[in-house]
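Per-chain residue numbering starts at 1, and chain names A, B, C, D, E and F are given in the order in which the chains are listed.
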Amino acid sequence: MTSVLKIKPKENCRWDLVSLGEVMLRLDPGEGRISTTRNFHVWEGGGEYNVARGLKRCFGMDTAIVTALADNSVGRLVQDLIYQGGVDQSYIRWVESDGIGRTVRNGLNFTERGFGVRAALGCSDRGHTAVSQLKPGDINWERIFGGEGARWFHTGGIFCALSETTPLVAIEAMQAAKQQGTIVSYDLNYRDSLWKSIGGKARALEVNRELASLVDVMLGNEEDFTACLGFDVEGLDKDHSRLEAENFHRMIESARQHFPNFTVVATTLRNAKTATVNDWGAVCYAEGEFRWR
Amino acid sequence: MTSVLKIKPKENCRWDLVSLGEVMLRLDPGEGRISTTRNFHVWEGGGEYNVARGLKRCFGMDTAIVTALADNSVGRLVQDLIYQGGVDQSYIRWVESDGIGRTVRNGLNFTERGFGVRAALGCSDRGHTAVSQLKPGDINWERIFGGEGARWFHTGGIFCALSETTPLVAIEAMQAAKQQGTIVSYDLNYRDSLWKSIGGKARALEVNRELASLVDVMLGNEEDFTACLGFDVEGLDKDHSRLEAENFHRMIESARQHFPNFTVVATTLRNAKTATVNDWGAVCYAEGEFRWR
Amino acid sequence: MTSVLKIKPKENCRWDLVSLGEVMLRLDPGEGRISTTRNFHVWEGGGEYNVARGLKRCFGMDTAIVTALADNSVGRLVQDLIYQGGVDQSYIRWVESDGIGRTVRNGLNFTERGFGVRAALGCSDRGHTAVSQLKPGDINWERIFGGEGARWFHTGGIFCALSETTPLVAIEAMQAAKQQGTIVSYDLNYRDSLWKSIGGKARALEVNRELASLVDVMLGNEEDFTACLGFDVEGLDKDHSRLEAENFHRMIESARQHFPNFTVVATTLRNAKTATVNDWGAVCYAEGEFRWR
Amino acid sequence: MTSVLKIKPKENCRWDLVSLGEVMLRLDPGEGRISTTRNFHVWEGGGEYNVARGLKRCFGMDTAIVTALADNSVGRLVQDLIYQGGVDQSYIRWVESDGIGRTVRNGLNFTERGFGVRAALGCSDRGHTAVSQLKPGDINWERIFGGEGARWFHTGGIFCALSETTPLVAIEAMQAAKQQGTIVSYDLNYRDSLWKSIGGKARALEVNRELASLVDVMLGNEEDFTACLGFDVEGLDKDHSRLEAENFHRMIESARQHFPNFTVVATTLRNAKTATVNDWGAVCYAEGEFRWR
Amino acid sequence: MTSVLKIKPKENCRWDLVSLGEVMLRLDPGEGRISTTRNFHVWEGGGEYNVARGLKRCFGMDTAIVTALADNSVGRLVQDLIYQGGVDQSYIRWVESDGIGRTVRNGLNFTERGFGVRAALGCSDRGHTAVSQLKPGDINWERIFGGEGARWFHTGGIFCALSETTPLVAIEAMQAAKQQGTIVSYDLNYRDSLWKSIGGKARALEVNRELASLVDVMLGNEEDFTACLGFDVEGLDKDHSRLEAENFHRMIESARQHFPNFTVVATTLRNAKTATVNDWGAVCYAEGEFRWR
Amino acid sequence: MTSVLKIKPKENCRWDLVSLGEVMLRLDPGEGRISTTRNFHVWEGGGEYNVARGLKRCFGMDTAIVTALADNSVGRLVQDLIYQGGVDQSYIRWVESDGIGRTVRNGLNFTERGFGVRAALGCSDRGHTAVSQLKPGDINWERIFGGEGARWFHTGGIFCALSETTPLVAIEAMQAAKQQGTIVSYDLNYRDSLWKSIGGKARALEVNRELASLVDVMLGNEEDFTACLGFDVEGLDKDHSRLEAENFHRMIESARQHFPNFTVVATTLRNAKTATVNDWGAVCYAEGEFRWR
C-alpha cells in the first residue's frame, strides 16, 4: 500500500501522525455494572486519539494529539493518562475552568462490559467540553504541518459532531495538511446521539460530505457511508449485523465516483456472537482491489 | 430545645425530615490523588442530602430527599447509593437523558484528602444538572407537607445557588411547609464559585435575604452570615480561620433584629491544624442563650 | 396470566409483594476459592428475599421482607445491604445479641464460582439464626395484609426448613394473606441438609403438604415435587439433570388433582454444561396450558 | 529469667511451645466499618494461638496448636492461614460438618479499627464451635508431652470460657504437661460475654482458681486477677485505664501467697490516648523483683 | 502401580516426598499485562517444588523442599508463601544477602495470562540466585534419606540447568536416595533459555543422560526426550502441538532399551485451542502397558 | 540564584534538564509488609531520574533520562511508568535480554513504609542491570548537549557506584556538558552497600573526588561530604540525625577551598521523629550566603 499513498519521509517530519479529537476519561466498573458499582478503574480514550496511541505504543511511532481540556484535576488526570499513552501533548489547549463545570468541562465516558445475552453499555457525559468549543484559529496548524512536519493527519466524524465549530476546525486542519503534502484520513464513525441536537442526519450529511472531499483514506462501514455520505446500499440487512462483500464493493465504487480523492477505503468488521464472544475482521480497498481478512 | 421549636408529633407525619437539594456522585481516589489515580471509589453526597442521610442511618428517622436526576446509568448509580443511604426516593424527579450530557447531566464531585501541609482538594463537575433545572410547579409540595406530613423541612444555600430557578423552588417549598406547621431549616453554605456566573455576591445577598424571612433554624458561620445576609462582623480575622465567641454573639443579635423568625441559629466549627488533624466544635443559639462545645 | 390470578389493585395496597424468609450475608472470594482466599466481597441473599429484591430493583415494585436479624455489626451490615436492595425493612425483627453467637446469630453463606470441570461450591453457616427462632405471634400479619395491604405474599421451603417453628409462621402468614385476598406463592426448594436433623424427608413431606393446600402459585422442579410433596415421576433420569416435558406435564396434572388450589405451577431450568457455561430455561403451567422457554 | 524457670532443653523436645485454644477466622473491613463495608480481608487469630504464631514467625521456634475445626471450606481457610502462620497442625481435630452450622461451626471474629474518638469494635460469632466441644480424652497429651516432648505449654481463660468441657481439657493438658516437666503458662484474659451464659462470674472464679494451682507463669492485668482469681486491688480506678505500680505489686504479693506456684507473673499495658494512638508497656514479676517497660 | 514401584512404608519415613529445586516469587498482573500493570499479585512456584506443594495440599502428604534462598525481604516473602503451601522448610539453605543482589539473589518469575489469540507470557529473572549456587556438600542428604527417611525423591531438568553445580547436587541427592531405597523421579522439562549460556544442547544432553541412569520414574514429553536424552521420534509434527500415541510408544520403548531403570514413564498433554481454552490429558507407561486419559 | 549560575536560554535548548541514572521498578506492599504481602503496587524511581520527573510533572519542564534497560516485559513496564512520568525516553538504551536474567537485568526496589517505632525498609535487587553495564561511547553526548542542547545536566553518586564503568560514563557526560556550557549538578548520595564489593570507601573517595572537579552544583549532607569527598566535620553527632548550621558552614567552606568550582551547595534535611512523622528542611549555599528553611 506504500506505493498507493505518497507518504512524506520521516526525516523531514517530527510526527508520524497527528490526530485531532476528544480525549475522554473512561470510567470502568470492571466485572461489575455502572449502576451498582462502588469502584471505577479509569483509562483515557477517544476514537481519533486511540489511533495516535496505538501507533505510538504498538508500533513505536511519534504521534501527537490536538485537543482541548478544562484545566482542573480531572483534566490533569487525563493528562497523566495521555503521558502514559506516550502521545505528545504539546498541542493540547488548556482552558480555564470555572470550578463547577458550567462553562467548560472534560468529557467522561462510563462504560461497562456485556455478559452473555446482556449487551455492553456506555453512558457518555461529554456536553460542554473544552474540545467541543475549539474553533478555527485556535490551533497553529502552520507550525504542525509546515514547521515541524507531519506524515499523516487523522480526524473523524465523532470530533466533527461535537459542536457547530468542530467541523470548521477539521476543515482548517485538513486544508493545512494537504498544502504540506500530509496524508489525510477520516473515520466516519456516525453517532446519532451526537447529531440529534445540532441538526440531525441532514446536518451530518452536509458536514461529512464537505469534509470528505479533502480525505485520502476514508474509514467507515456501510452504515457510516449511508448516514454520513448518503450512499444507499441495496440488500443491506436491517440491523447491519453482517457486511456482505458484494454490497460493500458496489458502495465503494459508487463512493469513489463522487469522491475520486478516496485513495484507500477500509473498515473493521465485528460480528458479536454474544457479548462475551466476537469475531473480528477487516476489509480494505486500494487501487481497485479489495482485501478481506 | 424541644420547647423552643414546636415540632409536629410523629403520629401525624410520614416524614421526620424532608430535604431539598442536589445528590452528587462523589469520586474518591482513596490514598492517592485525583490527577494521578487509576481508581475511584464512589459515594453519594450533597450538603442538604447529607442531613437526611445522617438522620436516617445514625438516628433511625424517616427522611426523604427531593431532587432531580438525569435518567442514565450514572443517575441509576446515584439511586443505588441513595437506597443504601436509606433515604426515601419517592420525590426524585427523573429527567430523560439526551445520551451525551448536553441538555441534562448528573452532578459529579471529585474529592481528595489532604496530607500534612497539602490541603484537601475538590473538583466539582455539576453544571447543567437535572436538579439545577428544577422549577416551581415541578414538585407536589402539597402532597408532601399536607398529605403525608413532614415534621421538618431542610434546604440550603448550595441548592439555591445552582440556577435562577432553584431559589424559586425553595421559596415554594418553604411556604408550603410553613402553611402546614413544618419547621424550616436552612444552611447558608456560601460558595463563591456557584454564584459567580449567576449574579455574584449581589444576587446571593438578594436571594438569601428573601429566603431567610421564612426560616426557623438558620445554620451558618460568620462568613456565611456576611456573604449571604450582609451582616458585618467587627474584628473578624481575614481568613475566617477562627470564630470568636464575642463577635459571633453580636452578629447573631444583629441578625435576630432583622429576622426575628430565627428561633435557633447554629454552626459547626472546624479548626484545621494540618490537613490530617482537625479540631471540631459547634455553637448553638436558642432562646437568648448560647451553647458552645 | 393476569386473568388467571385475581390480584388486588395497587391502589388499595402499600405492597406489591411481601416476602418471608432468611437474609444471609453472602461472602464471595471472587476469582479465588474460599479455602485459600484472603478477601471476601459481601452481598446479601436468600431464596425468598431475592424475589422481593428482584421485583424492586428490576421492575420498580414496592416490596418488603419479613425476617429476623441478630442486632450486632453483622446484622447491621445485612441491613445496609438490604437498604441498597431497596426492599422495605419495617418488618425486620431485631433480636438482642449475646455478643458471642451462642443464643442467636445471623446466617452466613460462603459461596465460590466453579471453573471448567470444578463445580461451584457453597458453605452455609446458618444454625441458631434469629430467623430460625421466629414463632407464631411474632409478626403482626394483620397489619401487613389487612392494614397496609399486600397484593402478593411469597415464602418457600428453605424458610420452612430452618426450624420446628418456621413452618408454623408460614402457615400463620398464608392464612392471614388468604383472608385478605392476597395471592400466595411458595417455592418448594428442597434442601436435604436443612431437613436432615429436624425430621428428614418424612417431616419435609408432612410440612410441605400441609402448606401446599394454601398455595396459589407453586414453584418447583420435579425433584422438589417428589421430595416435598411425594409425587413420583416416571422415567425421570437419576440425577435430574434434564427435565422432560412429558413427565413434567403428567406430574403437574397429578399434583393438581391433589391440590386443585394450584392455579399456576412454574419452574426455572438450568442445564449446566460446565461450571462456566449454562443454558437457562423456564416452564409455566396456567389454566391447563404449558409454556416453555 | 532462664534461671528462674527450669525449661527442658530443646534436644529432647520436638516443640518449643504447644498452645491450646481457639483459632478464629478474623474478618477485617480495612479502613471501613463492618456495618457498611463491601469487602473483608481475612486473617486467623485467637488469644492462645497468637502466642504460638508469634514465637514461630518472630523468633523461629517450633510451635504447635491444639484445637478443633469443623471440616468445611471455612475450616480449610483457617487451615490455610495457620499454614501461613507456620504453626504445626498435627493436633488439630477435624470434626465432620453438618453442612449448615447447626451442630458444629468454626469461630468467626469481625473486627474494625477505631478512629479518633470512635473506639475499635469487635463482633465475635463463636457459638457452637468445634473447639468449644472438645472434651477430656479427645487429645493424646501423652504423645505430645511424653512422646514428642514440649518445653512449654500455654493456654488461657478464653479457651476455658468456651464451654463446660474446655476447662476440663485444660486441666487434663496441664497435668500431663507438669508430669513431663513442661512449663505451664496461662493468660487469664477475662471476658464477661463468654462467661455470662455458662455460670457467670461465680463460675469464672471457680474454674480459674482451680486451674491457677497448676500454673508456673501467670499472665493478666489487675482486672483479670480480680475477676478470675478474686483478688481485690485497693485504689484501682474504676475503668482500669491505668495500672499503678504500687497496687499491682501488692496484688501480686497477695496472689503469690495463695498460689506459691506462680514463678512468674506478667502483663502488657496499653494506654489508649485515642483509638489511633496508644502507648504500650509491660511489667513482669519474677523471683521477687518487678521489671517495668 | 503400587505393585510396580517398591515404595517404602510411611511408618519408617518422615517424608512422603522430598523435592529439590528452585522456588521463585511469581508476580502476576491478574487480568492485565506485565508491561502496563500497576499491581502484581504474588505466589510462589517452581517446577520441582510444585510437586511437593500439590502432594501436601491436595493429598495431605508430608513433603519437604530442598532449596536455597537469599536472606532478604523477598526471600522471607517466599518463605511466607511456602509456609502457606504447607511444605516443610527445614532444608532451605539461607544465604547471606549483599543488600543489592550482585552476589546472590532470589528468583523472580513475572507471568501473564493469554487471552484469545494472544499467548500467555512469562518473563523470568532468575540469574545469580542462591539456589543456582548450591553445590555438592551443602545439603545433609544422609540425614534426609537415612536419618528421617523419605519415600520418594523428586527433582528435574530445570534445577539441573540452573548452573554448573546444580546437576552435581542432583546426582549426589539421587545416589543418597537410591542407597536408602527411596524412589527417584525426574521431570526432564527442557528449557532452551537456561542451557544456552552454560553449554547449550550438547551440555543438556550430557547432563541429563548421566542423571537418567539413576531415575525410576521419568517424566517428559517427546520434545523433552529428544532434547534431553537424544531420542529421535519419527513423524513428530514440527511444533510438537500434538502427541501421537504410536510415536510416543516407540520412543518409550527405545528409551527403555537404553535406560532399563525407567520403571515408569509419564507426561501430561496440553492441547491449547486458544489462550483461554485448553484440553488436558496425560499418558503413563508402566510394566509394558500404556494408559491414556 | 539565576544570577549565580549562567544557565543557557531555553530557546537554544530542547532540554531543560537531562539526567543520567538508573530507573528501577519499585514494588510497594502498601499498608502491609514485603515479607508477608500478597500484592505489590508498582512505581518507577531512581535518585537521578526523580529529579527529571519532578521538574517535568511539578514544573512543566522538558526533561530527558539517559539510562539503559533490558528489553523484556519488566523493562517495558518501566518504560510505561516513565511515559506516565512524562520524561523523554529517546536516550534509553535497550539491551537484548537473555530471557532469564543471567547476563542482563532490570533493577528492582522493594520498599515498605515504617510505622511508629518500626523503621521503613528497602530491599534492592539491582545487580547485573543493563544500566550498570553502560560504558563510555554508548551514549551520543554530542547530540544531546551540542545538537539538541540542554540547559542542565544531572547525575549522582548512586549511578557512579553501580559498576566500574558508570563513573567513566559520568565523566564523559560531564565533560561534554561543560564544553557546551551546560550546568552540571551532582548528588553525592553515598550508599555503603553499593561500594562494598567494588572497592569500598577508598574507591568511593577516589571516584567522587575526580567527578567533583567537574561539578557546578553539588548536593549532599555532611555524611555524604565525609564519605565521598573526605571532608571531616567536627562535632557531628554520631548517627547524623541532626545537622547543625555551624558545622555545615565550616564544611562547605573547606570544600570550596578544594573545589572552587562548586558555585552552589545544597542539601535537604529530614528529621524523622517516628517512622510516621518527619520534619523536613533544606539548606542552600550560593555566593557566600547560606539560606535555611
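One rule holds for everything that comes next: contacts are C-beta pairs under 8 Å (C-beta built on N, C-alpha and C of every residue); 3 or more make two chains touch, one makes a residue touch a chain.
Just so it is clear, the structure is predicted and the values come from calculations on it, not from any experiment.
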Hop across touching chains from chain C and tell me the fewest hops that reach chain F. 3
Number of hops, chain C to chain E, where each hop joins two touching chains: 2
Identified repeat of the B-C interface (over half of residue pairs identical), from E-F, A-B or A-F: A-F
Find the geometric centre of each of chain D and chain E from their Cα atoms only, then give the gap between the two centres in Å, rounded to an integer. 42
Distance from the mean Cα position of chain F to that of chain B, given in whole angstrom: 51
Chain-centre distance (mean CA atoms) for chain C and chain D, in whole Å, is 42
Give me the residue numbers in chain D that touch at least two other chains, ranges are fine. 38, 80
So how do the chains connect up here, line, ring, star, complete, or something else (other)? ring
Given the complex with chain F, which residues does chain A contribute to the contact? 80, 83-86
Of all residues in chain E, those that touch chain F in their complex: 27, 33-42, 72-74, 76-77, 79-80, 98-103, 105-106, 108, 110, 112, 121, 123-128, 193-194, 196-197
